[in-house]
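In what follows, chain A forms one complex with chain B and a second complex with chain C.
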Partner chain A sequence: MTLPFTLLVQLSWRNLWRHRRRNGMLLAAILVAVGTVVFANAVIRGYQGDMLNDAVNNLAGHVKVLAPGYRADPSIDKSFTIAPDWQPPLDPSLVLGWTSRVRVPAVIMSERETRGVQLVGVDPERETLISFLGEVDIIGGYLEGPADRRVLIGKALAEQLDTRLGRRIVMITQGSDGLNREAGFRIVGLYDGEGTGVEKVFVFTGRETLQALLDTTAITEISVRLIADEYGALAGRQLAASFSDLEVMGWRELQPQIAAMFAFADAAIFIWFTIMMIALGFGLINTLVTAVLERTRELGMLRALGMRPRAVVAQVVIESVLIIGVGLVLGLAVGVWLVSLLDEGIDLGRWAAGVEMFGMRTVLVPRLLVADLVLVAIMTMIFGLIASFYPALRAVRIKPLEAMRR
Partner chain B sequence: MVVIRFIAVALAMGLGGTAFSEQADQPTARDLVAAAIDLTRGVSSYTEMSMVIHRPDWQRTSSLRAWTRGREDALIRFTAPAKDAGSATLKTGNKMWTFTPKLNRVIRLPFSMMSQGWAGSDFSYQDLSRTDKLLHQYDLVLIDTQQVDGFTHYTIEATPHENAPVVWGKEEMVIRDDYVLISQTYFDQEMVPLKRLEAVDIGTLGNRVFATRIRMSKLDEPDNWTEISYEKADFDISVDDALFTVFALKTGRAG
Partner chain C sequence: MAELVANCRGLTRIYQDDAVPVQALVDVDFDLAAGEFVSLAGPSGSGKSTLLNLIGGLDRPTSGDVCIDGVALSTLNEAGLSDLRLNKIGFVFQAYNLIPVLSARENVEFIMQLQGVSARKRRERAVAMLDSLGIGDLAERRPGELSGGQQQRVAVARAIVTHPVLLLADEPSANLDSKTTAELLELLTRINREHGVTILTATHDPVVMGYALRHVQLRDGRIVSDEKADSVAA
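And now, the complex of A and B:
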């Protein structure tokens, strides 16, 4: 006797409704598990996104071109020149922006204090497209062009130096001849890096101004920002082909620590998911086995009437899939709903000091990726199928004679 | 270097008396500063001095010897206390090195250290190394003339140019008519005085009249000052050129 599939589904569906409370509990467990996985996933993705953004924003870009040796000894000796009309040899539709910079270690002095910083000569307009300068709040004004003779410094640095907007500071750095170059600069603006650590590190001025100070036309780096991280490797290869004597590096190589944390966050998502699913799996097996044992007599009867073992297995598996499926849909809905509630971001301001220590921002915006939702759905269904294997086995092992004699 | 500059200014007045006494009664600010610097070109000197570093809760006295050649080159060596004896600073052109016998190492001074106190004093390395910046990087204006003890004291206000490598809002110098720098005050950009260099004693040494005791004090931190007194000075002596080398710095040879 072969049963039509729809009949099997109907049978399983009715079986589920026979124990509303028990199956309701199971459903709730699935819902909570899937919901929290989706939510935690979005939070971690949000953190990862911030990290990537900061890493790339941090003047690294997705790909960077440097003179050999610059990383070990960042001085103006380790520089190179490009044609004034140079364009990156990349598909323009993949490039969000690019810029060339002169970046040298320098000392900044006010009347009262002295600090070591990185003096960065930039093209202010290009810079806004590719680095954090385009995103941060600036008190005062922004640099007006590559020949601007003023400086933009971090708010925290201004506090350390006991100086203010509109004041003059002195920058001292070293030319390629080893002699000091010094000049006074007026502070055009203070940027608020939200405690991301960059505030005390980077001082910006016009690129041409810095080149003039250093008696050079060379630059120390080209930084390219792409539309997405995935194209980094491709862009790296293409740039390397056109700059055979220079170093072309991705942000992962330039900031291995952040790359490692990034990979760790990926793993964390997976570990979290696995733990939740294993816990859920036992609950599922337990419920299904109970359901099978309860129906020993009934299943024995059905077998005696000629139901194929295959149909018995199908019935259990369908039951499992049904409950998991419903739980999954509800769980995803709850997860998405939770994330949407926190659209504005989670304010970590209360723990600002600790949070900033980890280089995080004070507002964490969870981020949902459709690919992650699909992955959660598929993985959950697979777990459900695996979990139904043992109960199904128990159901098949029921011997009709013994079962009916009970 | 201030020390050197003081010697320089001292020399300037020594010679300056003859250079300017017959000129107009009212020299310009630029003349006053420039003459002082120009007249010291090519002068060599040997001086012995003591330095007192004073802090609210302690005070330290050390002895030093200095050799200069022209305006740019100088070697300063500590002779006492024993702890510091042998430590030396060499300046040639605008490069500077220090030598510490304990480490037996010569360190080329990185530019990041230029604004730090020299040998723990209130003089920064930059104070030591600055030369004729005043002439090229500042607008000089004579703002006051006063008669003090039979001398004319000229007060000159020096305002740095927009892109001058100077952190000060302005500097104010008082120069006597025989070119002794009586005082130099450094103002921050809100025009609040921050530190002051003063001639405490003016006397005659090595046949020249100059500020024989100078004091650099921090005005926002009272009771913090450094005083240098000249005990012996010889001018226009012949100084061995080999003295102004890193080798001499390390081997401690004395001219």
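And now, the complex of A and C:
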């Protein structure tokens, strides 16, 4: 015989209404817990999204191909060549963009100041697809092709060098023969890295220009940006297979501090959620046990009339699922609503100096991930089921005769 | 001879809970034939409820066995006993018979719902039963809005709407005044005659005994007399 499902739902539902205050309070607790979890989750996801973006944007990409030894000693002799018509051996639908670069340490000199920087020879069009160059504001103009002979520098660097748009600067770097090369460049534009530190580090020019200066046809890196982080491992394997003598690295390996922060944020979400659920679980168990105890006589009567033990168990479980379910739906709605209130982002400007240290932008935009909502929903229901286990056990232990004699 | 609805052989029930074991029922042989209306009388503590509960599959004997409709209860597990109670036996308890969150009609539908009868059939039969018991107008009230007598009528309606082979009533009139008791007993008599439902009721009340067709007396867990009624009260 199958369970009389409609009957059980009906009984549970009405019994919940019988104790509006008690169940209302439990419902409110579930709502607050789920709502804040969804909200906090979205804030942390926003933060993670920023971190990931920064990590990937900082010329890393999701996956990078480098010559062995380049990371320890980034010079032009740690380089490699690819065919002019080379394409990444990856499913094109997973690739947002890719580029090859020449990146070497250099010294930049204005009339007044000298600084150490990284000189990056880029293909400007490709670069806009995959790195922060596509996103930043630029005063002046952008590079016009791999053969462009001008430089794009950060606003903060221009200030340090006490130079301006349109002025000339001199770059000194080491060529492939080990001898120093020196060349003058005109400043085509100043980019605004929103104070993220990159401004003082990267100076861009055309890739072919830099190759000519260094007297080489080689490149120092290939950087691939994927449509989503989760394809990183796969892309890494496929690239590694075709570049057996080169190093293929994901952004996590290239920027381990950021990867650690990322993992920490994941753990924070999980811990927060678990604490909430355990607290809720006790409230739920307490309420359900009370409900079972005060209905002992009634449950005994149901058993006496021929309701099977497992239908009694089902009744308690259904009651738990109903209240958790309603609380969950309301909590999700409230959480989503809270997040939507902040779709402009939370302005952290006041603490800007502090937050930048943690790699955060001054405006943090919470991000809702459907997968997270689904996970919260599933986990909450599972907690609800676990919490109903003990009360259901109490209910099923009720002996009809003893219960009714009370 | 009519077929046996209940057949008890050597029923003994000893309660071990306390320091001193209580012999609630001692070696009782007892039969119920189809269509009988039997009253079970005896002083308080004589074992009436114990016998009723054993016959109804709510309790298990220390020794001996009960057969209901040919099925030995000792062969059934918990779920099997549940199903037996559900499908073969109607219960009317002394009090707290009804589920508080269900209306009178829904309470009457309850057993049928457990049995899996379709919603439409259930409703039809419940309404017809309540009507025939003269409480059709109370169908949508919840137990809290009914008097004790009305609640017992609803309980009777629920107990017999599924045509059980046996109706067990343990002091159904204990909380009722004499007028309501008479009404309830007339109702039981009617369903005994019209529907042929076998009834076994435990009672202290001479009025109740007056309606029954056979009287069984218990004392200290033993049957001390078992006789057909000479005349039936009007």
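As a working rule, the second predicted complex is superposed on the first by the 377 of 406 C-alpha atoms of A that agree within 3 Å, B and C clash if a C-alpha of one lies under 4 Å from a C-alpha of the other, contacts with A are read in each partner's own complex, and residues count from 1 in each chain.
FYI, a residue touches a chain if its C-beta (ideal position, glycine included) is under 8 Å from a C-beta of that chain, and two chains touch if they have at least 3 such contacts.
Computed from a predicted structure; not experimentally measured.
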First (chain B), second (chain C), both or neither touched by A:R186: first
Which superposed partner A:L305 touches (first chain B, second chain C, both, neither): second
Which of chain B and chain C A:A241 touches, first, second, both or neither: neither
Touching partner for A:A28 - first (chain B), second (chain C), both, neither: neither
Touching partner for A:I172 - first (chain B), second (chain C), both, neither: first
Touched partner set for A:R112, first chain B, second chain C, both or neither: first
Touching partner for A:I346 - first (chain B), second (chain C), both, neither: neither
Contacts of A:L401 with chain B and chain C, given as first, second, both or neither: second
First (chain B), second (chain C), both or neither touched by A:I278: neither
Interface residues of chain A shared between complexes with chain B and chain C: none
Residue ranges of chain A in contact with chain B within the complex: 107, 109-112, 114, 116, 149, 163, 167-174, 179-180, 182-186
Touching residues (chain side chain A, partner chain C) in the complex: 1-2, 4, 6-7, 10-11, 14-15, 18, 297-298, 301-311, 400-401, 404
Residues of chain B touching chain A in the complex: 94-95, 111-112, 114-116, 160-169, 186, 188-189, 194
In the complex with chain A, residue positions of chain C that touch it: 53, 56, 58-59, 78-79, 82-87, 89, 91, 93, 96-97, 99-102, 110-111, 113-114, 116
